[in-house]
Amino acid sequence: MSRAGSSVQITELETMAKLSRPNVIVGIPETGLVGTIATSYLVDHLGLPEIGHVESDLLPQVVVVHDSEPKDPIRIFGKGMLAVVVSEVPLTAKLSYQLASELVIWSKAKQSKMVIGITGLPSEARVESAGDSIPMVLAVTNDGDLRKSIKAIGAEPFQHGMITSTYATLLRRCTSLGVPNLTLLAESFAEFPDPGAAAAALQVLNKLLPIAVDVKPLLDGAEEIRLGMRGLMSQTQQTIQQQTAQTTPGVYR
Amino acid sequence: MSRAGSSVQITELETMAKLSRPNVIVGIPETGLVGTIATSYLVDHLGLPEIGHVESDLLPQVVVVHDSEPKDPIRIFGKGMLAVVVSEVPLTAKLSYQLASELVIWSKAKQSKMVIGITGLPSEARVESAGDSIPMVLAVTNDGDLRKSIKAIGAEPFQHGMITSTYATLLRRCTSLGVPNLTLLAESFAEFPDPGAAAAALQVLNKLLPIAVDVKPLLDGAEEIRLGMRGLMSQTQQTIQQQTAQTTPGVYR
Amino acid sequence: MSRAGSSVQITELETMAKLSRPNVIVGIPETGLVGTIATSYLVDHLGLPEIGHVESDLLPQVVVVHDSEPKDPIRIFGKGMLAVVVSEVPLTAKLSYQLASELVIWSKAKQSKMVIGITGLPSEARVESAGDSIPMVLAVTNDGDLRKSIKAIGAEPFQHGMITSTYATLLRRCTSLGVPNLTLLAESFAEFPDPGAAAAALQVLNKLLPIAVDVKPLLDGAEEIRLGMRGLMSQTQQTIQQQTAQTTPGVYR
Amino acid sequence: MSRAGSSVQITELETMAKLSRPNVIVGIPETGLVGTIATSYLVDHLGLPEIGHVESDLLPQVVVVHDSEPKDPIRIFGKGMLAVVVSEVPLTAKLSYQLASELVIWSKAKQSKMVIGITGLPSEARVESAGDSIPMVLAVTNDGDLRKSIKAIGAEPFQHGMITSTYATLLRRCTSLGVPNLTLLAESFAEFPDPGAAAAALQVLNKLLPIAVDVKPLLDGAEEIRLGMRGLMSQTQQTIQQQTAQTTPGVYR
Amino acid sequence: MSRAGSSVQITELETMAKLSRPNVIVGIPETGLVGTIATSYLVDHLGLPEIGHVESDLLPQVVVVHDSEPKDPIRIFGKGMLAVVVSEVPLTAKLSYQLASELVIWSKAKQSKMVIGITGLPSEARVESAGDSIPMVLAVTNDGDLRKSIKAIGAEPFQHGMITSTYATLLRRCTSLGVPNLTLLAESFAEFPDPGAAAAALQVLNKLLPIAVDVKPLLDGAEEIRLGMRGLMSQTQQTIQQQTAQTTPGVYR
């Protein structure tokens, strides 16, 4: 799907046609790589097939290799009522803005039930406990009914503050186009990949959607993931610094 | 309201139609965050409803969350003869120029009686007294009659110097389009949010407009505001440094 | 006067129509702020009325306040056979180039007799004498007859070297359009505002034009001017460094 | 061959018409200069004639002199079923992207059998053994059949990780246009030119294609090459740093 | 002569029409300012009249003053079968590329017999001997016949390496348009103006062309030139650093 004025295109495989009013879950590498870890694990665990990818001349010149096969760095997986967008590269400000805008238009066209963003929120408690604390998951939504259910799905309302970067644009565009949006922010390490925070977000997802993801293997393999994702963490931190994208409370009330 | 050649649009809610020759008060985070603190307090204190917001691809990717609801970072509040524009994000030079230009065109279209800019002026006396001094409020206007009333409303004429950034463009555009402009500059901390300076500006406003804003709660909550706005202060200082926007006397006479 | 392809416009007040084949004197803040000090003093001393100003989206977002009135940062004053262009802000390279080009086209359209640029030339002698030396004024012209009169008006011919920035473009454009140009370079401090150098340039002007400017008040008020213009001096030096605009001898002969 | 929207053109000599479904081998200076060393040696050793070159206003202003003759910095050599593209200058991100895209379109038009990229992969083992280790050559391909033959040609499958810069775009564009691609990554020094790694890649090529390149002269002349290419190595490292092009494993699985 | 798509124009005086299949000699300030020193001396020594100059909005804002007369910084001198292009300002990458391209088109239009570039090549021997060594002059040409005569005119063939910046583009464009090109590179100081290297290049020119330039006055005045050109040398080095224009051997063979 390519539109005039956009330098981001969503290329669909034939299997994408089978999606039915999907919940669209988005994972972009930002704080603690929580979005990418959670959505990658979800795709693997549910065995979701690849149904499309994102093309853009704003993307870095990168090929990702999995099981010896070259792959695009931003792919879409899914079937039935579930679609998952996973990015394995951090996004510059311009790509972040355009990808988020295009994903919401695409979700609207697919009659998406809800767009769900998953990411991390830097937490000093998480750092001080060296990861032993159970991360709280904060949630923001543009849907009044859903707002009442936040505690019921095991999350806490995010009351005052700012959401930035890709997830902010996803939320604003959803509001403009009338698409329900839920953004989950798991308390996370800022400097290290945080599989524990990703697991906490997935447990909220378990209560929200008709899925049952066992996060134990994710927690057991946490150390390996942290080592394996050092490179992406370091690229992500460089990109975030360039954007001065911060999720800080800082607003007068 | 969107015009060709501008990348800033003012999106109006239906309630905006009820404005009647409004005084338009503008608060942008610059010196001491005086503009944002004063206008946010004014909106809360008078219970003004949200009647519109600003959209632009020059805006940072940000969603502001208040009482668990996601909001745009630059919003317009008001009713009857009063409209208040509040920005909760600092503006880059290009956005500052375009937003100021667009706001004056919009004010003209709304048959605005006056555009009133509120901001701070870095003051060494304020710093040396650790905030105990009562801040003087300086005023500049392009309206000959109003200039004679400056002392009557408790302000001092700003006699020689420079006004920069958003408030300079507001003033110049008002002059070009024949809209009266009053710019209030309260003596302020340069490095810290200054609710006391915001209160001083509001007291001038109390004498100018048929409003009666009690600034005591603002002064009582000053410490809390200073802490809560550290993040915005730091982003604002970075933005100002990039603009080398300074309000310094420096002109030959 | 606005032309296609230019982002600089000269806005004329009605009184500008009364100019009659004017000598156009240009003062831009460069070395020692000599141009701005000399032309500002000239305007005040002769009581010349404001007859226009310069608009451009290349200008910084600045309003200059004089006697409590907001003013444009680049204005044109004059009457009869004299027009004076005064800038109170330093010019970036692009604005410098376009303003100089536009001013020469405007001078040509006004059937200007001569364009006279006034500026400073960094002088070690001036620095070593702590300003007690009487500054020499060097002169360059594209007019063969005028070149013979340089000594007669109390200046010295500038024999070998380079002229840069706004004054270079003024001179080149005058040559292209067949307008006589005289550029006066008074020996000056490089790091401080130099009212003494401005006075020396004005004394050359006294011999060239039918004016009689008493420079004694300028010299008496020198200390005050130096203090008052520190801010502009510092902005000018930053701008010059960005341009690496230098007036250095450096050419093979 | 020049196409609209591209600032890269491939200029063909008449002899290029004789190519017959060629394998296209590409050597760009990246890690260890492996691509440039291997392809330059191949061209010399097989005595392949020059059949074209690349023109672009994105190229640096450079003429390469060989045997007193001035040459273009990116040239194409070949005959029959073999074409070799050799760059003697590092590529900026924009040129890298456009050249890779244009080369794949050109290969498709020439009915190329396969596009083969040769480059290096930074290896700590290579550094620790001071170059005495025999470099392993990793291989990635978008062709399922070829993937099964990787071990048979003396290479190892590259199982998980990232490929970046020119070679990534070559691979992605080949996949888009349905052209088989094989990318060979020889373990290499990151900081020094590595003729030994180039030799290892050529030995894989010997098993893949009907050529028989003796790499002994390349190994014997290694020291001389390392000295001669210091300048290009240093330029390449500067260019890579600007791109933050890295070939690092860093992806979650 | 102005063409679409070029921001460089060659303005011709009437006397330029008298050129007859000229050899075009080009001197741009690069290594050791050899090009500018040699061509300036040549123009003075042969008393060649000014016949044109270069205009471009890419040029710095500069007027050069010689004998009290303001001049353009890039001028063309000549008569009969000789034209000399002299730049007294260093060229940014974009201007360098466009000027070189335009000069070759202009030379072709003038039915130029040959374009001759004169510049320096950084030499450690030159530095170590403190300038007492006699500089070797290296030569590159795109003309097979001329290549055989290089030793006969007292130069040495430049066998392997790179030519960069303006002289590289001159050479490549000459080759594209079928104009013979000879580039002379005299061993030179990299950090100081080198009149001795310029003299060595002129002595090669004496053997190539029907001119007889006595270089003794150039060598006698060397110290004065070195002092007088310090400013241009420093600007040139800044410009070269920005371009990372280097003339280094660094190519595999």
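Every chain is named by a letter (A, B, C, D and E) in the order it is written, and numbering of its residues begins at 1.
In this text, a residue touches a chain if its C-beta (ideal position, glycine included) is under 8 Å from a C-beta of that chain, and two chains touch if they have at least 3 such contacts.
Here the structure is a predicted model, which means the values were calculated and not measured.
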| item | value |
| --- | --- |
| Size of the rotation, in steps of 5 degrees, that lays the CA trace of chain A over chain C | 145 |
| For chain C paired with chain E, centre-to-centre distance based on mean C-alpha positions, whole Å | 36 |
| CA centroid of chain A to CA centroid of chain E, Å | 58 |
| Multi-partner residues of chain C (at least 2 other chains) | none |
| Arrangement of touching chains [line / ring / star / complete / other] | ring |
| Going round from chain C, first to chain E: chain order | C, E, D, A, B |
| Partner chain B, residues of chain C touching it in the complex | 33, 36-37, 40-41, 44, 57, 60-70, 72, 88, 225, 228-233, 235, 238 |
| Residue numbers on chain C that touch chain E, as the complex places them | 93, 96-97, 100, 140-142, 147, 157-166, 168-169, 171-172, 175, 244-246, 248-253 |
